[in-house]
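Two complexes come next, and they have one chain in common, chain A, joined by chain B in the first and chain C in the second.
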Partner chain A sequence: MIVDIFSLGLLAAASGLLLGFAAVRFKVEGDPIVEQIDSILPQTQCGQCGYAGCRPYAEAIAAGEADINQCPPGGEGGVIALAELLGRDPKPLNPENGAEKPKMLAVIDEQNCIGCTLCLQACPVDAILGAAKHMHTVIARECTGCELCLAPCPVDCIDMLPVAQNIGTWKWSYPLSMPEPRRAAEQVAA
Partner chain B sequence: MANDNPSRPTLLRVEVAYARADRQVIVPVELPEGATLEQAIIASRLLEQFPELSLSSLKVGVFGKLGKLSAALRTGDRVEIYRPLLADPKEVRKKRAAEGKRMRRGGGDLEPDGG
Partner chain C sequence: MSGLFAFHGGLKTVRHKTESNQTPIQTPPLPPRLLVPLRQHIGNPAKPLIQPGDRVLKGQMIGQADGYISAAVHAPTSGVVVALEPVPVPHPSGLADWCVVIDSDGEDRWIDRQAVDYRQMHPSDLRNWIRNSGVVGLGGAVFPSAVKMNLSGHCERLEHLILNGAECEPWITCDDRIMRERAAQIVAGIHILAHLLNPREVLIGIEDDKPDAIAAMSAACAGTGYQVRAVPTRYPSGDVKQLTKLLTNKEAPIKGRSTDIGVQCFNVATAYSVHRAVNHGEPVISRIVTVTGHVRQPGNVEALIGTPFSALIDWAGGYREGAERLIMGGPMMGFALHSDEVPVTKAANCILIAGAADLPAEQPALPCIRCGACVEVCPANLLPQQLYWHARAREFDKAQDDQLFSCIECGCCSYVCPSHIPLVQYYRFAKNEIWAQEKEKQKAELARQRHQARVERLEREKQEREAKLRQKAPAKAASPVGESAQVPLETAVARARSARESVTAPATADSDAAQG
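Let's look at the complex of A and B:
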């Protein structure tokens, strides 16, 4: 009898210690749901959702301030993935935020670029290389097609061209269920 | 803390980038602390890849700001090699004015009562 109580007590104490240790050792930093939502979002940083970028939109969704259908670049696939993650019903994209479009790439017309740097400042992902009074060039691999550089250009020298899909431009399609393989793929491409 | 140990000097991780319309390259390089833009560009081997570049005439900078080849790097910098403009900004503006197009905010000149 005494042995039973003692051994069970010991077991309980050991489990308690283990759980206590695990709680400290594996403490989750930040809100994991925000990370998961952010990994579904396309990282275009285009602001069409009404937030400054993908991460702020993810935080707003997690906080219940934003709906899941405000991301046109993510498209229907993105809405469905978010709905699955959050256990909600998918819904069509909110037309107020824009329409889903094929992936585009900004291209600068070099004959007209005057080196004003306004597009550089507008680019949320540093995809334009240039300096004052020097040629500006879009780094195709970095461009998310967000179109934020179009409006500031004083000479209308930026065009959006559809991205032809080939081995060089292919990327893991969003939403990403596997962020790690994408990283690996990008490293190889680099 | 990393500087306390002289046998393991801290490394600067920077990128060196060069972009043409047809091809854009970003090369990550690691350099000892105190390295300059010039050292990063030499380490990137971009000068060998692009014969049109020569170190003596390079226009370089970091993240859109023109700088000197002798300037010191900081970790995370993107060293950029720039190309000259093809257009004369004054001519482009004149042409747009002649076509009756308005220069937008930030572009400098607005037409007197255009738009």
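Let's look at the complex of A and C:
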């Protein structure tokens, strides 16, 4: 009887020590689910979801404060990927946050730019180059198409243009000879 | 090893070789205007070295290789550069790409051509020479050849150097003609490749429907130790993987390269252009093009790069009645062109003017019945019907799990499909989508980093501002400005008091104020 109690106690103590050590030694910094959600989001940093950027939105999703259908640039594919990751049902995009649009690029009409630097301050990825009273221009490679530079411009000289297709970006299209099967989200919505 | 080893699948196709392989390679007249694309190879497009208005000589470099996987581009004739602009190029999209437009002066004057002695050169110098001569794989893949000549890090020593003369596409005969007519020069090119790669064995694989080419190559190889092997005529024996299997019974691992199993493969026409580049100092400015199908006089021409397709079709007697579609490459792996006003590139091995009977009729696709005919013919040992289901449903992860990227897009599965499903189109679509998603991911990662950097910068600037303010605040309190602000207040109070007390002595108060 005493031997039993003693041996079980010893086992419990050893396990406790081991678990305590593991908890300290293998502590995970930060919340890995936030990282995973953030890696699915398109990193447009547009704020259409109602948060200050993709990462704050990812944190809000992880905390259960935001829904998974608030990211228009991520589109339907993004919602499905988030639903898969979080084990929820996919749902259509929330129209309050905006609609899915083809990828656009901000272009400054350099003739009309007055060099006010307001768009520079608005750009979330520092993709606009310029200085006070000097012409500004968008670095096309870095622009995420978030449209945040449009509102502050006092002379409305920024346009959103569709990304031009060239041989390097051209893709074979979906074969047209057969009707496309209905996609997962449509089936869920229906 | 001297036997042959069959590969899985493949097809017996209807041969159309005799239409174009009966006459020698001819040289069409010099076209008045040449459109030379800067992107004629896999990898980065060449960087232009000329301005509109410049005079160029035949063989002068007009585009420089940009990065490791890239190749140079040269002026095909002497003349004046009239423009550097996007021009429609032979591409399935029909889109325009950057081209150097050269008006020829009719003199066809060469630059100073310098041959080099490859035996005396350092291997890396020789590779650079070949790269600057614009040599790319002329079988149609146009991969920069100099990259393939560098084995470092892939294998200790090359076992087999394979020369690909199989030419399995049913209509193309440009390699057949070049082997018949220029075998000695091809062998001179093989000497250079063998010098660079030092293989144990050199194998030349030619499909057995080209007896003249086999005879010519065997005669040219006599005494060199290079072995000419006739391989059975079975499409796609001309693909690197299938030819390697046929000649050596070796297969490269799924994600590996042929050098991992000690094999490197070049097209026979590439060996010819290596010979011209090294032993004659002539860069790649022309290639043999098969013009065949519904033209009056089909045949092979040595066309300058940049020659419009229409000029070659006119040279071949023009379109014959019944011409339906213009195809670059063969009917199996080629693609339809939107116009004949596109230039010959290094990839343009064949211009096929197909009639209605030459192509499988465009029939509406029916549902897959899972007959498995595609599995039987797939030379890559894949499950085409599975790949089709996944690509159709856009389940790209599953398609990749079923080795979508091992597909060589040979078209055997589409050819045999009883439901006429455009299978290869689905695979191309899926591959393109996967690549595009990969690019999007990279772009998103870049945006994430830049956003994070910006947030950190704003935070840092805010802290710096605050730190500056904090620094200023105590300094203010201790500065003489602060004291002087307090002193007049005290003196003013004292002055007022004294003024009230001694109204009779205004002179003293005045002097006090003057002192304050």
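Quick note on the criterion: the second predicted complex is superposed on the first by the 137 of 190 C-alpha atoms of A that agree within 3 Å, B and C clash if a C-alpha of one lies under 4 Å from a C-alpha of the other, contacts with A are read in each partner's own complex, and residues count from 1 in each chain.
Note that in this section a residue touches a chain if its C-beta (ideal position, glycine included) is under 8 Å from a C-beta of that chain, and two chains touch if they have at least 3 such contacts.
Predicted, not measured: the structure shown is a model, and the values here were computed from it.
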Q: Scan A:Pro154 for contacts with chain B and chain C and give back first, second, both or neither.
A: first
Q.
Going by the contact rule set out at the top, does A:Thr137 touch chain B (first), chain C (second), both, or neither?
A. first
Q: Go through the superposed model and pick first if A:Asn69 touches only chain B, second if only chain C, both, or neither.
A: neither
Q.
Which partner chains sit in contact with A:Gln48 here, chain B, chain C, both or neither? Use first/second/both/neither.
A. neither
(Q) For A:Gly115, using the defined touch cut-off, is the partner it touches chain B, chain C, both, or neither? Pick first, second, both or neither. (A) first
Q. What is the contact status of A:Asp126 with respect to chain B (first) and chain C (second): first, second, both, or neither?
A. both
Q.
Can you give me the overlap between the chain B contact set and the chain C contact set on chain A?
A. 126
Q: Enumerate the contact residues on chain A facing chain B in the complex.
A: 107-108, 110-118, 120-121, 126, 129-135, 137-141, 151-156, 190
Q: Give every residue of chain C touching chain A within the complex, in rising order.
A: 39, 89, 91-93, 95, 97, 364-365, 392-394, 421-422, 425-426, 428-429, 431-433, 436, 440, 443-448, 450-455
Q | Residue ranges of chain B in contact with chain A within the complex | A | 17-21, 24, 26, 28, 59, 61, 63-66, 78, 80, 82-87, 89, 92-93, 96, 101, 103-108
Q: State the interface residues of chain A toward chain C in the complex, per the touch definition above.
A: 38, 41-45, 53-55, 124-127, 142, 144, 165-167, 169-175, 177-178, 181, 183
